Amino acid sequence: MELIEQIWTGSGIYQMKAGQLGMLVVCLLLLYLGIVRKFEPLLLVTIGFGGLLSNIPGVEIATGDGLLHLAYEVGIETGAFPLIIFMGVGALTDFGPLLANPRTLFLGAAAQFGIFATLLGALGLTELGLMDFSLREAAAIGIIGGADGPTAIYVAGKLAPNLLGAIAVAAYSYMALVPIIQPPIMKLLTTETERQIEMVQLREVSTAERILFPLLLLLLVGLLLPTAAPLLGMLAFGNLMRECGVVERLSNTTQNALINIVTIFLGLAVGSKLSAEQFLVPSTLGILVLGMVAFAIGTASGVIMAKVLNKISAQPINPLIGAAGVSAVPMAARVANKVGLEANPHNILLMHAMGPNVAGVIGSAVAAGIMIMFAS
Amino acid sequence: MELIEQIWTGSGIYQMKAGQLGMLVVCLLLLYLGIVRKFEPLLLVTIGFGGLLSNIPGVEIATGDGLLHLAYEVGIETGAFPLIIFMGVGALTDFGPLLANPRTLFLGAAAQFGIFATLLGALGLTELGLMDFSLREAAAIGIIGGADGPTAIYVAGKLAPNLLGAIAVAAYSYMALVPIIQPPIMKLLTTETERQIEMVQLREVSTAERILFPLLLLLLVGLLLPTAAPLLGMLAFGNLMRECGVVERLSNTTQNALINIVTIFLGLAVGSKLSAEQFLVPSTLGILVLGMVAFAIGTASGVIMAKVLNKISAQPINPLIGAAGVSAVPMAARVANKVGLEANPHNILLMHAMGPNVAGVIGSAVAAGIMIMFAS
Amino acid sequence: MELIEQIWTGSGIYQMKAGQLGMLVVCLLLLYLGIVRKFEPLLLVTIGFGGLLSNIPGVEIATGDGLLHLAYEVGIETGAFPLIIFMGVGALTDFGPLLANPRTLFLGAAAQFGIFATLLGALGLTELGLMDFSLREAAAIGIIGGADGPTAIYVAGKLAPNLLGAIAVAAYSYMALVPIIQPPIMKLLTTETERQIEMVQLREVSTAERILFPLLLLLLVGLLLPTAAPLLGMLAFGNLMRECGVVERLSNTTQNALINIVTIFLGLAVGSKLSAEQFLVPSTLGILVLGMVAFAIGTASGVIMAKVLNKISAQPINPLIGAAGVSAVPMAARVANKVGLEANPHNILLMHAMGPNVAGVIGSAVAAGIMIMFAS
Amino acid sequence: MQPTLLDQGLTLMLVGMGTVFVFLSVLVAGMSLMALVVHRLTPTPVDVGASDEEVAAITAAITQHRKVNP
Amino acid sequence: MQPTLLDQGLTLMLVGMGTVFVFLSVLVAGMSLMALVVHRLTPTPVDVGASDEEVAAITAAITQHRKVNP
Amino acid sequence: MQPTLLDQGLTLMLVGMGTVFVFLSVLVAGMSLMALVVHRLTPTPVDVGASDEEVAAITAAITQHRKVNP
């Protein structure tokens, strides 16, 4: 009888608190979004499952020597996992469209306005007494507007580990919501005629330029803003392996086995931070609302900047590709292409939008470097 | 001259003790079983070689900062390696046959009787003064009867690290001996007529069921027996990645590069625990004998339970598939199929036996959870 | 204004010292050698990029919790990365030509004379007051003559971590220079008639011999020279997985994902040791010169030993294959083949040269074991 | 009185086998319920198990074999 | 007087956006310079971006589609 | 008297090269013994090295080359 009581008192049902039950529902929702709605499934499925494992009371996997806690300590606290993911992203990214049209970097720059506006919003809510975010926390929240999962996790791990779960969930969820959030804003800010603008075909990019670009990127970021250099450096390293043509086996493994293994443990580790005490609080609601606003502002800034560029540039620029500057690669570029096709069925913007799209990744990492420099 | 003496006194020959020589022979035997007899080669080859490396005196690889010792600390002490292997097993396992015929779970339950009978046997030998096993040690030995390598290593790492080497070797050796140990027991307990029973074709299983099953498994184990949740949770996670259809690249890497890398280091790390002081002792003999008994009892329990189910069930159940309940996937299912074909050449039991076979994995993990809860 | 000043004082330009600038140039040179000149690109690209990342002031990636520093601590200080690379090399190596003609092991032995001559040279420079190397440092420098990157890194990590960067760079650079350094020496030491010698076709090697060879190698090295056993043991393990035929999935992963992942982090970690204080010093120049001499002596010793063997052997031996004894697999064997073809267009030495080539790997590891035993 | 090791083992066996059966029974119930709900919500089955083809293939092979070696 | 959080945020926004634009401007300049130098040194372009073929393929597909559904 | 560094180096060289040769000699002996035992136990060789075909292919290529460019 005693043993049966021990089973009962050791069971998850007996030990379950309301908060944990709430988190189980949240995690099942994440799994639903990932599996059924196909929202960034690589991350939402792993984060969601990690959250389930961590919120069942009595399961010793997200604490002490548990696998998920080890993954968190080794990979998130040190920043190693987001950096390795960035290396993988670099190995997967074709910077050709950006090299063919460097001006699109300005679109990627403008879209980062969403990041800083959100920072300001978070601080404003605090001034109003509605929330209670420190400067570090506000900076970490702002990065959601960068639409870049690993960057957000890297910054949150450094500046606001307590908000990591909410920030990662918001970042990946909104990246998936790009096709819903962006089009209305894009249409609101552009005329039918602007959306019909056709762009001239991209020039050829030589192998030498492709190889030199990651080195240029690393040296510039290192010389100007070293706090952004780990992120952009690993991105550049991955891309150099891709383009240099002599380490194909390393590039292949980086694009496949390595990034997949790290994604699995990154997701589980982030999930292990989805605790009720840290997630089921008003600030999460604030983060979700602010993240949405950040996205909208970033999209708008990108489009407006594209309109400005179109005015001052000799060659026409379709303002829609400005929206791709928020990154969310390659979803945002596809959205720009789709909205463009609606206005002009001959207008293939995809490759043109890839320029600002990858520029947005660089821009967000630069913004992350600034946040880390000032807020820490 | 002095230097030559230093070489001589530093040599393996000079430092070799009888026990280490004995262990080298044991490890060569494991390699023989793995390579020539093809007994679970993935583990016996790696364990055997790890044992060789660790038992040559003077080789600093299984101690201090040595690679094998690091692997042991990082992967076995924390339980990380068996859990990752379980994730891989989940990604490799098709639970369809179990979903099509949930009753076969009872066969997987019955076969776990071998585990507890062995626990009792180990304690009995201690009472008789023949052996000296604590409750924790007896519990770890019992799990051999689960015919599940990673489960046995996980439990031994938690309850009886000193017996880890012997338990792992016994578990994997007996899994390979399934085609020899099981058939006589199966034939002894069934009549020719029973062995000829044909089973109705399995129903179709929908994608939704396949996706929901790992979540159901995780929630039930978490709510009822959290100590089994790390093992079954990782199994469920791997299976969810396999079945959800949206993270194919993660599932592929889990089934290949990740499980292979972890298997290599798991094997080497287990091998590093094959020391003479811990292996060349009477208790190892006890473990080997008890493990064999556990297997026999598990097989018998499964067959008897299948006979009972066949009596009370509307649809016929061939008692042979009960033997597959000990797990040892997919070997035990193949044995059931083979013995069935001998009695009735039209009788294809393979898919029917896969149900109890994977049920045995779940059953053993549940038993492991109980052991960990009570004995620790 | 204050913030802008903070950006300026935090920038790489502001913090840059002359030494770091010098190292950036060195690292760009390594990348040039790797990418454009195709010198051992797998290592020179990763080492070069790691060096760039580590020498930009303010980038926190090669210190503290930074990814590159973690990789160094986990993989180089413990020796784990070179050992895993050796396992991969074992899985990639066909010892068939060596098994068919075991006498070629003597060529691999003779070529190690370069190692010890370099050790002597380093000590001589110290006696002359030109350099200041300890015995440990001289031993680590000597291993460059082994023409084996992972062996050199393993030994340097144990005996002279402060010289690791220079030694690794020298080892990999010279391995790439084999086609330039070796031919003049080979031609100088052989007559046209000797270079025209045709060798008899290699005998068939049975599967059993292939499987038993790694075990024989491990047992002999363990019994005679345990300090070389980690390196040769992992080589043997990789080769056993390759040849035993029952763990193909482990062998494939070792040859691909695993060795590639470890190569990436090994290269980055070695690069993180390319600091100006340790690299831009006179001793580096000494190391580069000594490494070159080591290579030349090793090549000469191999060729001379082959001439001796040719004299005392019943079957003819082309002295050119002696040069392959320095290892640098498979480059040195190809060089021997090419020089042979120049003298006699019917003379295919490639497979004959593979014997001494892989023997050189074993010889260097044995020499490494001796260095570790005496100098530590 | 302190229970002997064997007593402890016996108790553990009873409770253990009990728990295994209870847990797997609950799982059977859960799976049956799940199947019911899924079939209610999705009238037409989406996926077909591999068993059909396999069984067919093996049956065909055996039939063939029997013809050749009657 | 200690600046308020909001003031700090405003400053950070101005400096931040400024830095982002300055950095990316420098990068644009660097890329343009690089392109110039590369083209000066290698008169005939070596590599052709994938965009051409893709654009061609998609254009062809659309033209085809228009023919079928005028 | 403390030996000089150079003396230590010389000794290390002698002992080192000696050990390398002794070890590899033992390995040669071991491999020859192994080959003998294996051939005694398995009369017919199982595996054929790749060298044959390669040599044949290359020889053929050269012969062909000679014919074209005599």
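Each chain gets a letter, A, B, C, D, E and F, in the order it is written, and its residues are counted from 1.
We adopt the following convention: a residue touches a chain if its C-beta (ideal position, glycine included) is under 8 Å from a C-beta of that chain, and two chains touch if they have at least 3 such contacts.
Note that this is a predicted model, so its numbers are computed, not measured.
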| message | What's the minimum number of touch steps needed to get from chain D to chain E? | response | 2
| B-F or B-D: which has the larger count of contacting C-beta pairs? | B-D
| field | Relative to chain A, chain with the most remote C-alpha centre | value | F
| said: Just to confirm, which listed pair, B-D, B-F or A-D, duplicates the contacts seen in A-E for more than half of them? | reply: B-D
| message | So the centre of each chain is just the mean of its C-alpha atoms; given that, what is the distance between chain B and chain C in Å? | response | 41
| field | Approximate Å spacing (C-alpha centroids) for the pair chain A, chain F | value | 55
| said: I'd like to verify one number: the distance from the centre of chain C to the centre of chain F, where each centre is the average of its C-alpha atoms, in whole angstrom. | reply: 18
| Rounded Å distance between chain C and chain E, as computed from the means of their C-alpha atoms | 42
| request: Provide the list of chain D residues touching at least two other chains, using ranges where the numbers run on. | output: 12, 15, 19
| Got the chain B residues that touch at least 2 other chains? | 3, 7, 224-225, 256-257, 370, 374
| Pairs of chains found to touch, sorted by chain label | A-B, A-C, A-D, A-E, B-C, B-D, B-F, C-E, C-F
| Hey, which residues of chain B end up touching chain D in the complex? | 94, 96-97, 99-100, 102-103, 105-106, 108-109, 112-113, 115-117, 119-120, 122-124, 126-127, 135, 138-139, 201-210, 212-213, 216-217, 220-221, 224-225, 345-346, 348, 350-351, 359, 362-363, 366-367, 370-371, 374-375
| request: Name, in rising order, each residue of chain F that touches chain B in their complex. | output: 11-12, 15, 19
| remark: Per the touch rule, the chain A residues reaching chain D in their complex are 3-4, 7
| query | In the complex formed with chain B, which residues of chain A make contact? | reply | 3, 6-7, 10-13, 15-16, 24, 28, 31, 34-35, 38, 41-42, 45-46, 49, 52-53, 56-61, 65-67, 70, 256-257, 260-261, 263-264, 268
| said: Please output the residues of chain E touching chain A within their complex, sorted ascending. | reply: 4-6, 8-10, 12-13, 15-17, 19-28, 30-32, 34-35, 38-39, 41-42, 45-52, 54-55, 58-59, 62, 66
